[in-house]
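The structure's right below; bear with me while I get my questions together.
Order of writing sets the chain letters: A, B, C, D, E and F. Residues in each chain are counted from 1.
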Amino acid sequence: MSEFGQSGIVKRGIERADAKAVERLGRSGVATVHEAQGRTGLMKPYMRPVWPGAAVSGTAVTVLAHPGDNWMLHVAAEMIKPGDVVVVAVTTDNDDGMFGDLLATSFRARGGLGLVIDAGARDARTLAEMKFPVWSKAIHAKGTVKATVGSVNVPIVCAGMLVNPGDAIVADDDGVVVVPRERVVAVADAAEAREKNEESKRARLAAGELGLDLYAMREPLAKAGLKYVD
Amino acid sequence: MSEFGQSGIVKRGIERADAKAVERLGRSGVATVHEAQGRTGLMKPYMRPVWPGAAVSGTAVTVLAHPGDNWMLHVAAEMIKPGDVVVVAVTTDNDDGMFGDLLATSFRARGGLGLVIDAGARDARTLAEMKFPVWSKAIHAKGTVKATVGSVNVPIVCAGMLVNPGDAIVADDDGVVVVPRERVVAVADAAEAREKNEESKRARLAAGELGLDLYAMREPLAKAGLKYVD
Amino acid sequence: MSEFGQSGIVKRGIERADAKAVERLGRSGVATVHEAQGRTGLMKPYMRPVWPGAAVSGTAVTVLAHPGDNWMLHVAAEMIKPGDVVVVAVTTDNDDGMFGDLLATSFRARGGLGLVIDAGARDARTLAEMKFPVWSKAIHAKGTVKATVGSVNVPIVCAGMLVNPGDAIVADDDGVVVVPRERVVAVADAAEAREKNEESKRARLAAGELGLDLYAMREPLAKAGLKYVD
Amino acid sequence: MSEFGQSGIVKRGIERADAKAVERLGRSGVATVHEAQGRTGLMKPYMRPVWPGAAVSGTAVTVLAHPGDNWMLHVAAEMIKPGDVVVVAVTTDNDDGMFGDLLATSFRARGGLGLVIDAGARDARTLAEMKFPVWSKAIHAKGTVKATVGSVNVPIVCAGMLVNPGDAIVADDDGVVVVPRERVVAVADAAEAREKNEESKRARLAAGELGLDLYAMREPLAKAGLKYVD
Amino acid sequence: MSEFGQSGIVKRGIERADAKAVERLGRSGVATVHEAQGRTGLMKPYMRPVWPGAAVSGTAVTVLAHPGDNWMLHVAAEMIKPGDVVVVAVTTDNDDGMFGDLLATSFRARGGLGLVIDAGARDARTLAEMKFPVWSKAIHAKGTVKATVGSVNVPIVCAGMLVNPGDAIVADDDGVVVVPRERVVAVADAAEAREKNEESKRARLAAGELGLDLYAMREPLAKAGLKYVD
Amino acid sequence: MSEFGQSGIVKRGIERADAKAVERLGRSGVATVHEAQGRTGLMKPYMRPVWPGAAVSGTAVTVLAHPGDNWMLHVAAEMIKPGDVVVVAVTTDNDDGMFGDLLATSFRARGGLGLVIDAGARDARTLAEMKFPVWSKAIHAKGTVKATVGSVNVPIVCAGMLVNPGDAIVADDDGVVVVPRERVVAVADAAEAREKNEESKRARLAAGELGLDLYAMREPLAKAGLKYVD
């Protein structure tokens, strides 16, 4: 990780997570994937979809940008391969609208599936109409300059989570989760196993069985000192 | 209120607010109920519905949980009676996703009508599809442990408001309001009176009459020193 | 600007921005108008529409209110002329629900097109059903008193932006932008020119052309020190 | 608790926590008292002393005020008895400077020992020079009106914590903790026992003994799955 | 105010508030000046002195900067005349450390008395040692670029308050207040009158007289519905 | 980085940054070190020293903790070697007071120089008296449990910045900066060079020379479109 935090670098050839496994992760959804990899990988809860119902899974092209400056998003467009999701960090907290419908059009034309940005997005209604999925910290029309170089495809910290280029990104109404590239198959397996397990539990809970009994919690609760009074 | 803030206690037999009055409060809605009880009882505005259009009124089963730990929600499930809304406080600020579709399934099977949680919820899309109403501080997939006991059916402070078990909870797009158990009938009466009164005002305002005249504000405004200039 | 910050004044005769130009600004939308006037005029991103899809353009009737007190909104109602948008600042940060469906009914009856308030609004569902567009800092049922006079039609700072009475207000899903009264025609012209220009760019980007080439960025990026590595 | 949230009431005769025990709590300090009563009673961490080193313990005179309105603090002054700390909640979030050196002079003349306010304070430097201890959410010069009545000596929620009139308030650099009136002797005993216990631990830790051994944590850590790798 | 929000402009000849009156305002302090001009002019409470005890009064040289870019502060240095305070707004929320000990050295050499910045400052310890007074939103070491032009000596909105070049700025432990250039003498007079008035009140309050009697509040409180109960 | 985000692991043998270089970094201070490594490595500005004047430089022992649970800090104590600074991340946002004077005593006995924690600290006054330097997000007395294992000496993200065990940590009044282990010598060299360079600039600025001339900014400013008006 010697290039962490470096500026002015675009890495061209990156290894991407296995496409099939990334797709399977998307079917499991954020909450399940997060649990399946040991409750890790989740970005902060301020990352919200620009339009309700947005969902995506893909491989990360990472961007490190300067506040108020979206120059690097144009550089990133050239690095996109079909199946990618662009993930943008800024060197400091910033809400500016770095991304709108023109960049969405460009990203989609290159095969880009979506955007995750620890800053603002704009053209919210058009993005919804295009069904181009975006998770951001803010919706803000504030325009940006193109003056200072950052980097593309270096490791970044986005919304509190480390993202390496090529990692899997899964995002939906529950937020955004990152799965390290080399773990995608294992996590996809674990996620699917977890889903199957939940299915039977859901039926039993729907029938009125209590989690206290289903998960055998009564004894540990009593040991932990829980007391019932009338 | 000797048990305020105590940990490790589940109170079984609680008195609940009158079910009919609680239903009437729900028809009046949060803003009207809040006004009808003298502008009191409102939780902080960061409490938002997980899906738009959610609305509920019910009697409170209260939960005091530990940050990052949803064990007590399983304990609470057993305490639910038809018509209840579970209200969750945490001993410190926390956004973790303590509640998802499995617990919603379980609560509903017990007769629970909804959830109000001063923390996070997850499985947002499934909760919307189930039409299970939830108000929370955050939507976050972050999973929780089951390690430390809290309490059920003790007085709690949730989003800045005191809630006693059995109090009426009314929640909709405008937020969440608490009505003390013993006041529900009086408040429901006052809310309905207020609604009737508003109906005639609405018609007069729609016809172009000014609030200045309708509410006889011109004289008090002049006395308070308001001046018109050209 | 000698009246800035004064209290207890209602200015009756204000000059309003040209109605045709204001309408044209509305068709261009917030992001385009903001860019067209040199990336200025935008309110802070915490100003959000109460219901998705809300959009308005109009001329500002300004209000300076006291926290927890909506008396001046009733005074403002009388000052509304068809085509106006009421813009409310508070003398200090406040989230109270100063505006609801009754005031919306009254404003509409006077020709008011919408509301922008650096505080809270309530009756969110009814406002959506009425299709009365409101941008606010919060949705909160908290009721207000009518005790202290503020001002109407004085210059105010709303959500970080100076608003003079009669200025154009354009608001949509991307936020709220203010255009000074005397600049509306020039900005409307610039916004439309910008839109035309964007149309052709959108087509080229959709065809896969890169922004790097479309905007001739490769040379300035290299000069700024950007390096490609493998 | 029937008067919770009521407005327009001043309760004259309140029972106060035992003065000796309150003084002992002050000597133990906030962190120890909070632990001694089972990790309860703590206000939110945004409550900070206006000047470093401030510390107080006393009995609560409670105030419920309206945002931007400090009328009730003058009413509260008359209710102060020697040894009291005034605790102020506002019906909604507000940062206005409701309290300054004149009120501090008045409170002190009545025997008041300090102030805890879930809003703003001002005259910060003079308060420091007077050594009048104040904990607040903000330091803000913003002046307030005297227009709307609230209440004095009713139960309030201040910075997330329920405070009944007469409860013990302990505040220092670590924040503010509330001890219910009827528990002060028991909590003071527990706090002092805790302090004695800590003294011996401090010496052993200072000598290089590990908490892992002092608290016998190695076995439970291993059981919980902790693994050491090289 | 046609130049509001414009970029790329440095205004050389500005009119400054009367130096004597500005000095008198400084002696009165922020809270008194704010009250004396009718409770207006105050910046938001997040503006805090970088070191305790800082106090300044001077005439504003205004700066509009781009996020993450302090180029305009160097341009502003040349515009400083003895007695000036530089006031910096950013076109969007930004916490970067735009100002440190080198710029403080330069500003002081030009006669600058202090800085008010709606962004970050750094070299906090050196600024304290130099006794150079700074009010900022954050203390942050984050460095900035010099790439995009803003403006100097145009009207700006800083921390929620309009500032015109040449206005008086008064800042101390209670925050920052702006007095419009043409009102400084009147406000200085009013502030001094207020101080004299407060002196006699302080003595009476210190002697135990209640504000209720001193300000004749008992009758209006009763009229407003306040009730005493036992 | 395969262990990123893993739970339940304590890594014993870690490589530490060169002690001499770490000491030199401390002498340069946070702002200079941050600039010297290309404006990277800085934690978010909410990380503040618990007592003013605190300053430290050392090598990181990293901790990943669970919200409301400080068990892992006891585990970390055993891993401390003279010259270390403990750096704590939590799996989710949390302000609890995970660290106080007892742990400080223990850390110091093991050779620990300080603490950086993306959560709360308590016993603020005792920490100041001990001169044990701590940077935290909050000061909060809130106690924690010891129930769930996290990890020690794995890569963590603390306050927005990646920290690997053994990295250099430099902290002072300006915040906290991380220097990757393998870069400490190069960065210490660059920082010292920068300081020397600044010394001569400081003298010239103090003599009244403008940054505009010192840094030859007049031509690029004119090229960027800056215009002077009267």
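In the analysis below, contacts are C-beta pairs under 8 Å (C-beta built on N, C-alpha and C of every residue); 3 or more make two chains touch, one makes a residue touch a chain.
The structure presented is a predicted model; accordingly, all values stated were derived computationally and were not measured.
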Item checked: Fitting chain B to chain C on CA atoms, where both chains share a sequence, rotation angle to nearest 5 degrees -> 120
Next item on the list: Give the chain pair, either E-F or C-E, that is connected by more C-beta contacts.
Entry: E-F
Check: Is the contact between copies chain A and chain B built from the same residues on both sides or from different ones, judged by whether over half of the numbers are shared?
Finding: different
Note to self: Averaging over Cα atoms per chain, report the distance between chain D and chain E in Å.
What the structure shows: 31
Next item on the list: Determine the centre-to-centre distance between chain C and chain F, using the mean Cα coordinates as centres, and give it in whole Å.
Entry: 41
Check: What residues in chain E touch two or more of the other chains?
Finding: 39, 91, 93, 95, 140, 142, 148
Check: Line, ring, star, complete or other: which describes how these chains touch one another?
Finding: other
Check: Got a list of which chains touch which?
Finding: A-B, A-C, A-E, A-F, B-C, B-D, B-F, C-D, C-E, D-E, D-F, E-F
Item checked: chain E contact footprint on chain D (complex, rising order) -> 8-13, 71, 74-75, 77-78, 95, 97, 100-103, 105-106, 108-110, 120, 122-125, 138-143, 146-149
Check: Can you name the residues of chain C that touch chain E in the complex?
Finding: 1-2, 4-7, 37-41, 44, 91, 93, 155, 157, 160-162, 164, 180, 182
Item checked: chain B - residues contacting chain F, complex -> 66-69, 91-96, 140, 142, 145, 147-148
Item checked: chain F-facing residues of chain D, complex -> 30-31, 34-35, 39, 42, 45, 48, 53, 172-175, 177, 198, 201-202, 205-208, 210-212, 215, 217, 221, 224-230
